[in-house]
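The two complexes that follow have chain A in common; it is paired with chain B in the first and with chain C in the second.
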Partner chain A sequence: MYKFTRRQALFGTAAGISGLGGYWLRGSESKDDDTFRVGSPWTPDSIDPVTNGWLWRRINVLEPLLTVDYDGTVSPGLATDWHMVNNRTWEFTLREGVTFHDGTDVTAATVLPSLTRAFDSSSMAAVPVDAVEATADRTITIQTAVPFSPLPAHCTRGITCPVSPAAIDDDGSVNEPIGTGPFQFENWEAGSTITATANPDYYGSGAHIDTLIYEGITDDQTRRLKLENRELDMARILPNKAADTLASDPDLTAHTYKIPRARYLVFDLDSAPFSDRKVRRAVMHAIDRDHIVASLLNGLGSKAVGPFPSDVTEWAAELEPYEHLPEKARSLLAEAGWEADGDSRIRDGEELSVSIWTYNTRPLLPTIAEVIQTQLQAVGFDVDISVMESSTIKEQAKNGEFDTVLWSSSVLWYPDPDRLSDFVHSETATMFSGYENETVDQHLEAARRTADRDERFERYAAIQRRIQRDLPLGWLTYYANVIGTRADVEGYQPHPIESCYHLEDVT
Partner chain B sequence: MSDRAANRRKRQADKRQGWTDGLTADRLGQFGIGVVLTLLVLAALGPVVSPYDPAEQDLSNRLESPSLSHPFGTDQLGRDVLTRLLHGARFSLGIAVAVTTVRLLVGTAVGLVAGYAGGWVDEALMRLVDTLLAFPGIVLALVIAGILGPSLVNVMLALAVVGWASYARLVRSSVLSLREREFVTTARLLGRSRMHIATRHLLPNVVAPVVVLATLDIGSVILGTAGLSFLGLGAQPPTPEWGTMLASGRNYLRQAWWLVNAPGLCIMVTVLGFNLLGDSLRDMLSPTQTAQMEEL
Partner chain C sequence: MNGQELCKRLLTMAIVLLGVSLLTYGLIFITPGDPARTILTQQMGGQIPSQEAVEQFRAENGLDDPFLVQYAHWMGDVLQGDLGHSYYNDRSVSEMIIQRLPNTIALAVASIFVALVIAIPAGIASARNPGSQADYAAQIGSLIGVSMPNFWLGYLLIIVCSLRLNLFPVAGAAGLEHLILPSLTLGSGMAAVIARLVRTAMLDVLDDAYIQAARAKGLRERIIIYKHALRNALVPVVTIIGLQLSYVLNGAVVIEVVFQRPGLGTLLVDAIFARDYPVVQGVTLLIGVIFVLMNFAVDLTYSRLDPRIDLGGDPT
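For the complex of A and B:
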């Protein structure tokens, strides 16, 4: 039985108050000019590219075969050229004169062990790679089981970043992230910080700063306070509200930019009431997304139309948006048999009652859920909210019945619209709506087979139109990120897909 | 007969006099009782008096700082914080009283049975109590609430399950010393049933320390409920529970201090009030039992 004696309680209160006081006192730590400190919500938990490669890629210690350009297209990386030999074979030509941080030359043979490791891992299970081979000194050939045009996009993922063969132990584990990037690994503290130094032998223009310190700080407020206390030079992903306050501080600058990430509702198509498309449409017409963007998001981000934000990526199809029309929502519900009964609605003696599941590691989600709750109540839904762990939601939604889940995810974390397979393919989808549509499946599979961009665009547009009509998922808002930096940080350009922070450019 | 009745009445009157005397003499106790009474009145009347609805959102008035129309400001959805706190007081006090009552009833029953029955029953029950007491309560409550899923009812269950053991301990030890006293022996020799002895002779004699423990316990239940709700296991939004309010306000610590401070202050004052009240009750009712209480 836990119990606080009064002395403990008083002591705790006093400690808490003085702690808070200390929180606000600005540290007077002097800043080393050659060291750049960046704070981000994700803690470094592994040095293995297969588990944590995306993080090492973000700070540019590791580099992949292909990179993502600022316009969201696939561009050269360690490979300068890539093309399809036949519909199941791809060839990548490696850049010349590149060495790993330990001095080993980057050749097909030295890159191969990492690539094999990556494509064999379970995280890449959805990518149908049959074989990776070194066919010439500087040529890597990748065979896929089926024609798979999104392959180059997958080759931009941090998981595929090559490390020096010396870094891979005999048992297949990685002992040090020896990559090729403009920063080289110095040391790390699992779960908290990474220190990296400039790579003097980098083939490109190289880093302007000497030392880069990455800090994984889960809490938004702490990151922000650390930036304000000059303990960080850059704090990533701050609350939208912070944009105004940062701008008012002459020593700090706020960068805000849109990213291909969306908040959306996933409906359970297998259970009432959302098995009825009219009810799902009613939800979409009942929600006032402009209002959510303007107030809760502080005007940062925008209301979502389809899966892809058209101002970030070219893959967005032109779609008919669901406007905020409460009257229409009410009539749709009436059509679906849910008759108004006082404030609620009833069909066959059952009340129109739904629950929204969401999670709080994205702090705004529960708040948005509350707004949606009120807006749905206005048209006759009885809504309750459950805030759970995201992993619990995934598990329970896959196994059992749910009504709807308010979720948030990147819609393009590798730059290919094949990402839609995760949302709506009847078999491979990781989202749990239970959506099955033959036409959508056919389009998804056909679009994987062809490398013709126009044809692919047409097919993905057809899919987007179809899911806009069928509504297995209801798109709510897109994201904008707020990055705070010290005002004297120059050369930082936010990357839309954020596969890399490109801190080598900052001074 | 009438003499005896008159004597008893006089004794009771003396006792009452002693109660009130002690309470008024003890400044801290007065403060505690004042806080508790004020809270009860606010919880009862506040929601009726307040012009706002605790769930009514006004997105154009988000995060307004404290003003005359919103004495404690508004929250991230434009809801009046004071109104929500007053509604929250009903939840917090209601839950605390309910959970404490369950703890008290279960614990007292177990303690009575264990103490009076003795033997293997006592042994079995006390080992169970030992297990529960050895386990960090908040961790056990976390596990129970986590398994049952997030809801206020489950939090109440979890807190009730982990908290009854100290009552059982207390009651058992009192019963152990009482059962050898003359009046119990007399009752037994007179052929009274065990049930009768337990409820008529033992129970009245353990009520005082149990009431004291319960008063002190209310504070810790309020803390427990708020803690579990803060961790997302308790009240679900938009329920205006103090711990939940604290958790959602935390995201706005820099822009809107009142979102965290107001519910935090409420929890603090309430717990303090109950603890002071419990303390002075203890001092008054059973000075000899002070040492025993401290141990629990």
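For the complex of A and C:
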């Protein structure tokens, strides 16, 4: 008898648990239709715009002074007008009739504390702002230490989004993301979810949905499975190969669109063999980028010509692409003194041997490295691949000798081609090729000093042509994003720079 | 156990924890990768920060101090009960740990429960009739359980139980319904190890003379197995559970990621990748404390299970 009751108890518990499970499940299935759930790879880790502003900007709880339009140009945001007063002074005129979510008026005085905080922060240290002042009720004046025409583009960054003065504590920390956007903060669970509701007092057309739930889900398969199981209405950044299966499911829609993000090789210009431009050119001619796009990227994305994809931004210059010409690669290597010796190549008794460093937190990079390895071996390189942590690569490549790094980054994360400074300026570059070119530096600096668009375009085009010739970086492919939504989601328009998802337009 | 023994234990524990903290601090310090650069990259949404930014950050966070100075600062704060603040989002480390702890504990308890519910009956069944079909089935089951990668089993369970049968949600950490699939995934792997151990230990015990005596006395088989044999067979099993619990506390990263249940494991791994020293140190210290306490608890359980095991009391 004893045996029986124990067993009964066990079965009873099991049945009870599954019953509860079923009950809860029904609960989550009959969710409010006006709730929209979006799953993204990035977890919300802070409510402070200085540390996590880009995320709160993406879900449009926070809004910056200026925004980025769908064509990648700087457009009005909280400021309706902005202009250069003199070459070191900018004036921004704030929109009328805007309030923070707590009801505070948006005036020069109320946005000033946030702007000061942002421009003082480490993340903005490369933006040479001297002073931010409220010079009239609706006028913000920003002084830069040197003439700096990319300033408006930096004012689109999430970090600069103003929060209500009430949200900033006496010790300077932010206690709640009280912004101005079409969604207002309701609550959050650090590291996992944010709940926001429609802002009824929004000055624009406002949100169509009542509640927005943002979930940070690091695993891409989990995002996709949750979308399939109706636990999400939108799953962002899915693997390229998911696009076809999403498209074939009548309940789901796949949005694929190009973004200004590139995969590229960074060459070490200070050590052999890549100190020789002929060897770098040989690499570019040896790599079959069409093959990489077609077979590894499932045809999504495209082969890169220069830093900027011309179908996403107007700043792309017309450049001569490096075509896949293995014969040319071989003759370039021979010209550089690397003579064929069986399958490999030798110069002064030394073998042509290089290593590619890459990392795996961005999917596909190690696989692409393997394809490049095969293609380089075909022209006589001996190639090995090291997959490391990205921060290790950054440190070791900056300090020591490397051959080449396969890297991936946004090329236009704030919408200004001054981004090229990060790649090729001899002193301020964050990329580690060691490239030094006086003409390029002069163009970069001159383009910062002028607000004249045509002159800037000419200068950035000249830089792009120059680095296309010198090859400190070898551009491989541009990205396309895959976003999955439930089929009944309407009104979503993918934004190329993704500074904002614009989910207020979604129904 | 007496007071003196307890003091000795506590002292050992303090030394172990000091060693653990010094070692982790030292290891992360010599790991290439600058915290300033890494954390700023994260704050800037994945972009590499400028040199000015890195220098400003290093100065603000005291990262230019020598290793021992930084460690001493940290240790001084810890002794005053302050685990410090994350370099990344300036949240207090203890707050971050407390926020993650319920998920981790729930998963640990539930998966050990699942493991025991599967492993003990399976282990006993195969030990009672070695060489039988039930034994083979249990052994093959354990082999599959041990060999099956966690994440794969997790996806399989999601596809079958959530997408096909519609029983549970795919992922999340909100309620009990979110706990079932992850604890099944994690628990079944542990069950495999424990079942094999129960089987071996039971086989040993069942051969002992006192079991024969009990049988000769005419006790019912059920009482013999559960009351006499199992109790003695549990000693090694308890050891393994103690070890596995610490694995669940910090090693269940894959489960936490697949099932979107942020716990201590992901907190630690993310902090290591971000070079967020205070968080790494705080979590490691906590895991160290749990590990030491767990071993202590395991020792205490031994003497409960088998009074012959004496924890260093006076020999009588």
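Methods note: the second predicted complex is superposed on the first by the 477 of 507 C-alpha atoms of A that agree within 3 Å, B and C clash if a C-alpha of one lies under 4 Å from a C-alpha of the other, contacts with A are read in each partner's own complex, and residues count from 1 in each chain.
Operating definition for what follows: a residue touches a chain if its C-beta (ideal position, glycine included) is under 8 Å from a C-beta of that chain, and two chains touch if they have at least 3 such contacts.
Everything quoted here is computed from the prediction, not taken from an experiment.
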Partner chain(s) touched by A:N229 [first = chain B, second = chain C, both, neither]: second
Residue contacts with chain A in the superposition, chain B compared against chain C: C
Touching partner for A:S123 - first (chain B), second (chain C), both, neither: second
Touching partner for A:T218 - first (chain B), second (chain C), both, neither: second
Touching partner for A:V50 - first (chain B), second (chain C), both, neither: second
Doubly contacted residues of chain A, that is, touched by chain B and again by chain C: 3, 221, 225
Residue ranges of chain C in contact with chain A within the complex: 31-34, 36-38, 40-41, 43-57, 60, 88-91, 96, 99-100, 117, 155, 158-159, 162-163, 166-173, 175-177, 180, 222, 257-260, 262, 266-267, 273, 275
Touching residues (chain side chain A, partner chain C) in the complex: 3, 10, 17-18, 20-22, 24-25, 28, 43, 45-46, 48, 50-52, 54-55, 122-126, 158-159, 173, 189-192, 215, 217-219, 221-222, 225-226, 228-229, 231, 361, 389, 391-392, 394-396, 409-410, 413, 422, 428, 430-431
Contacting residues of chain A [partner chain B, same complex]: 1-4, 6, 9, 13, 220-221, 224-225, 239, 241-242, 245, 291, 294-296, 360, 363, 366-367, 369-371, 373-374, 384-388
Chain B - residues contacting chain A, complex: 55, 57, 59-60, 62, 76-77, 132-133, 136-138, 149-150, 162-163, 165-166, 219-220, 223-224, 232, 236-238, 247-248, 250-255, 268, 271-272, 275, 279, 296
